[in-house]
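Below, chain A partners chain B and then partners chain C, in two separate complexes.
Let's look at the complex of A and B:
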């Protein structure tokens, strides 16, 4: 093997970070969250994560071979989409609907735009938005965490036959014998019953939620790891969480009886998962330093506004999709001044 | 014989090669709005076909009489006349259907396929060819609407022409009967046709290459 000398223009120093390396690390950072989800919800969550990821990988394979991109599975991005998508769904979500979500995420969210890097919207959220629109009642029904039979029995709705309505889970939930299970997420209980949970409930994940959004502290730890390795832009989660915190704090100060404490807003729902793993998608976020702050703040503010004033209980998904749509505009408006150029 | 062939071509033009929905992408307003079910799609398509054939025939007959300066207004008057006829006819036949299609029957007058056909084809063509072309266009439009409407009805309510396909436990895909579903299904068909076209043209060009290779 003869050493070859390549002639290249400056800069010559390569950081050693490539797209597959970043993506592999993100998958690695998602695995603890998946593991915790399986610990909480048992084999149903495991089956959902595997099925959705498999659906994403097969769809990616199908389209990339047809569009001449070659085998794009090796860059791991489709696997990330699949895992993230599964983590945003209820753990008892019917598997066939998970397959639909995975197909739409990759086909509509990514492949039709030309594959990785060309997608204007976060693919996982495109898939979730589709199933939210298609199956609005199924996606809003949950099972309790830590049910004793979770490792031996599937939740009935998980194994629903394709194209059929989700099976009834009430017997399974009754068998779990958990007191006072309402089936409502903390955000829904706050919205309709004005009931708030303590911060400790969110840390241990005893609340009702989607498969991967229960433990804020675990998500945060994985995010800190990725930010320290510089695999994600730390400014985006800081801007999202910071703006949500400030806005929620202002509302709480103004009308404490109506609006919950700011920490509830930060820890509940998908805000943490969205801020760290979805808002930071490199293809759909701005690149300019100022633009990143605007983008993050937009997500935080829209999330809180939808939660407080919208018809839905959770707004993080739509907030990120709206900010994705605004991201090219933000980039254009925040172009840094060329060195030496005169200001107009 | 040749006129028979050319007349047949006129008819097939709109059905496939210049399909109003999938090739020309015209008349998108009714395409997205009324294709919630197969029966709505067919009714809308046939109503449009009637207006299209009748107005193109009349425009073609009057093509030497209509002054160039006022032709658009004249076409619109002709089209509006037949739309009014269809509007009353549907109301008389089925009030249920009339309510399902709503304002979109009256909006046939604003459908760009009609004015487009009158201006681009009927005004320059003798009556037989013009009405055959209009008939093909109308049926092509109906086929296009049916293709979208059938998919949306199957996924959106588990039925086709009101007949249940999957039994009572079918989970309807709510999004399919909402406006986004119309866009998704239309886009899906357009992608499919574009893919077929791309494959055919690449086969064609590779065939030509093989031919040239054989020559040299």
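Let's look at the complex of A and C:
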């Protein structure tokens, strides 16, 4: 065969870090968190994660092939949306509602804007915000973790028939015979009962919450791994957690009886998952070096403000969505300084 | 200078760290034999093409001028070998398919000694004579830009120059020709630096060498003059450390004004390869007939640094260096970050070619044909040494907002180092787009 010469434009080498490599690694870093959730909540959690992810993938496939983008599943971004979305839902969330959440996340959160890179809001949070509005009571009802029958029986609500109200779980919970189960998340217990958990409770997962809220330390470890491999921008979680920590600490110092320890604020709710895996969504966060700090601080501050002064128990989702909306503006206002330009 | 100073170094901000692949650094420079035919484009430099002095059928000796400088913005061209002029006409070159060139058939039996030389004592030349002597060597910047050396060193009087920065960074991956020159020809380098300092009226010279070439630092140090006018400094190994503005920032901590030139700060930057060659040529009074070229890459069986006669066609050069048979390959003149791939193996080595890089299909990190939409990760912003916003520039180029790119977002400050494209996970050909945008703006300005 006659040798042929290839012509390419410089540069002729590449870092090797491509979109699918980044996305695949993020998926990989989410798997331990999924595994922990399944360990806590059993086959119901597994079914929810698989169902929501499948819903996202099918929706992505449907729209990408119809909008001329080809098969975009290979970039792995839809899988991230699916897994993240599942981790923000109660593990006993009805599967059919999970399908709805996944469809909305991709269809309204992503495909509507033209697919990966063009979405202004984090697709997983768009899906989550939709089901929060559509099924407000179901999304706030939890079953206890470590129920003995969790690997043999589905939670009744998981298998709720499509378009039906979530099935009643009280018999299943009673069967588990767990003492003093309240069914409330740590943030709700703090808000309404002024009860705080210890840091150790969050590490072992005995608290009741959506999968992504029960394993703050594990999430942190996965985030550190991704940051070290340069697959996520470490500045954003540092800004989010740092600003939340400082604000919570200031409140705690001012009124210790009213406001919890700063470490509770960091470990409870969706702050850790949000800071590490959602705020860092590249398409919806600023690109400028100064901008990412402002954006992260905005998320941390708004999260704490909503938790302390809002009607909701948790504010991370809205904090990130608000910051997403602000990020083009932040970018515009924080253009990098050109080399050799006179300081502004 | 103590050993500790090797590890204490400032650097410019951002940039990238490509895998160095300096496999050829440990091997001495070898000599490439003369090809049957040498092809000598009349325009191997930036500026006006040279004017041919010879006719077809004329015999020439090695070192004889075969083309003269056409005015001040031009350089002469010397016969790289004894032989006979076979043709003067259009020939393929790295500049394009048809470049006015002289084709020299080499006398293979000749001993190929340089037979045309005019040795001078550079210490006795005044400024004008020195600049003229530099122009007579036909020297251009050997780092790749091929800007005539007599123009670079003949700075207008309104810019008094105090410092000569000598670029020994060789930040492009794979290339080792400057590294080998520093190791093997340190006296020539120092001679060239002294010459350049005299031409510029500079009182000091600073040699910047990336800290992955500590052996070069050690090789140069014994040859430094006792008065301390020439010093050598380790700088961080980071691409593009060898870019003029980056190296000035690293060595002197000063930023050349955006859109400006180093001479505005009283600084001129020259590459070690250029100065070592100049130091050699002025002393002996010879013209430039050969240069050191790094021939390497996964597609080369005998990688190394070679003294290559100017005008050697790539086909002969690759045959000698043992290009492996492969069905698909990319031949790049220069380094992998800023080099240019060529369409034909008939392209000759010209004065500005520092390396020939052959990539075959197995080259793992070659950018794939596939690319993805911009995901706004900001990797390009964290890579751009000039502090530009390639993300935004890339979006503007897609909308053909060229004026806005040049005006508000400083497209003109992009020197096409390729960092943004190297780092882009979506593998968007950003530099290529910026080149296209600049070409569009140039075309509009001249229309």
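Miscellaneous remarks
Rule of thumb we're sticking to: the second predicted complex is superposed on the first by the 326 of 344 C-alpha atoms of A that agree within 3 Å, B and C clash if a C-alpha of one lies under 4 Å from a C-alpha of the other, contacts with A are read in each partner's own complex, and residues count from 1 in each chain.
Everything below uses one rule, namely that contacts are C-beta pairs under 8 Å (C-beta built on N, C-alpha and C of every residue); 3 or more make two chains touch, one makes a residue touch a chain.
All values reported here derive from a predicted model rather than from experimental measurement.
Look at A:154: by the touch rule set out above, it reaches neither chain B nor chain C. By the touch criterion defined above, A:287 reaches chain C but does not reach chain B. In the superposition on chain A, contact of A:130 is made with chain B only, not with chain C. One of chain B and chain C touches more residues of chain A, and that partner is C. In the superposition on chain A, A:337 makes contact with chain C only, while chain B stays out of contact range. Within the superposed three-chain model, A:138 lies in touch with chain B and out of touch with chain C [touch as defined at top].
Of the two partner chains placed by superposition, only chain B is touched by A:166; chain C is not.
Shared contact residues of chain A with chain B and chain C: none. By the touch criterion given at the top, residues 97, 108, 112, 130, 133-136, 138, 163-166 of chain A touch chain B in their complex. Of all residues in chain A, only 1, 3-19, 21-22, 75, 114-118, 233, 282-289, 292, 331, 335-342 touch chain C in the complex they form.
Taken together, the chain B residues at the contact with chain A in this complex read 158, 166, 169-171, 173-176, 178, 180, 184, 191.
Put simply, chain C touches chain A in their complex at residues 12, 16, 18-19, 173, 245, 249, 255-260, 325-332, 336-345, 357, 359, 363-368, 372-379, 381-382, 384-389, 391-392, 409-410, 413, 416, 418, 421-423, 425-427, 429, 431-432, 435.
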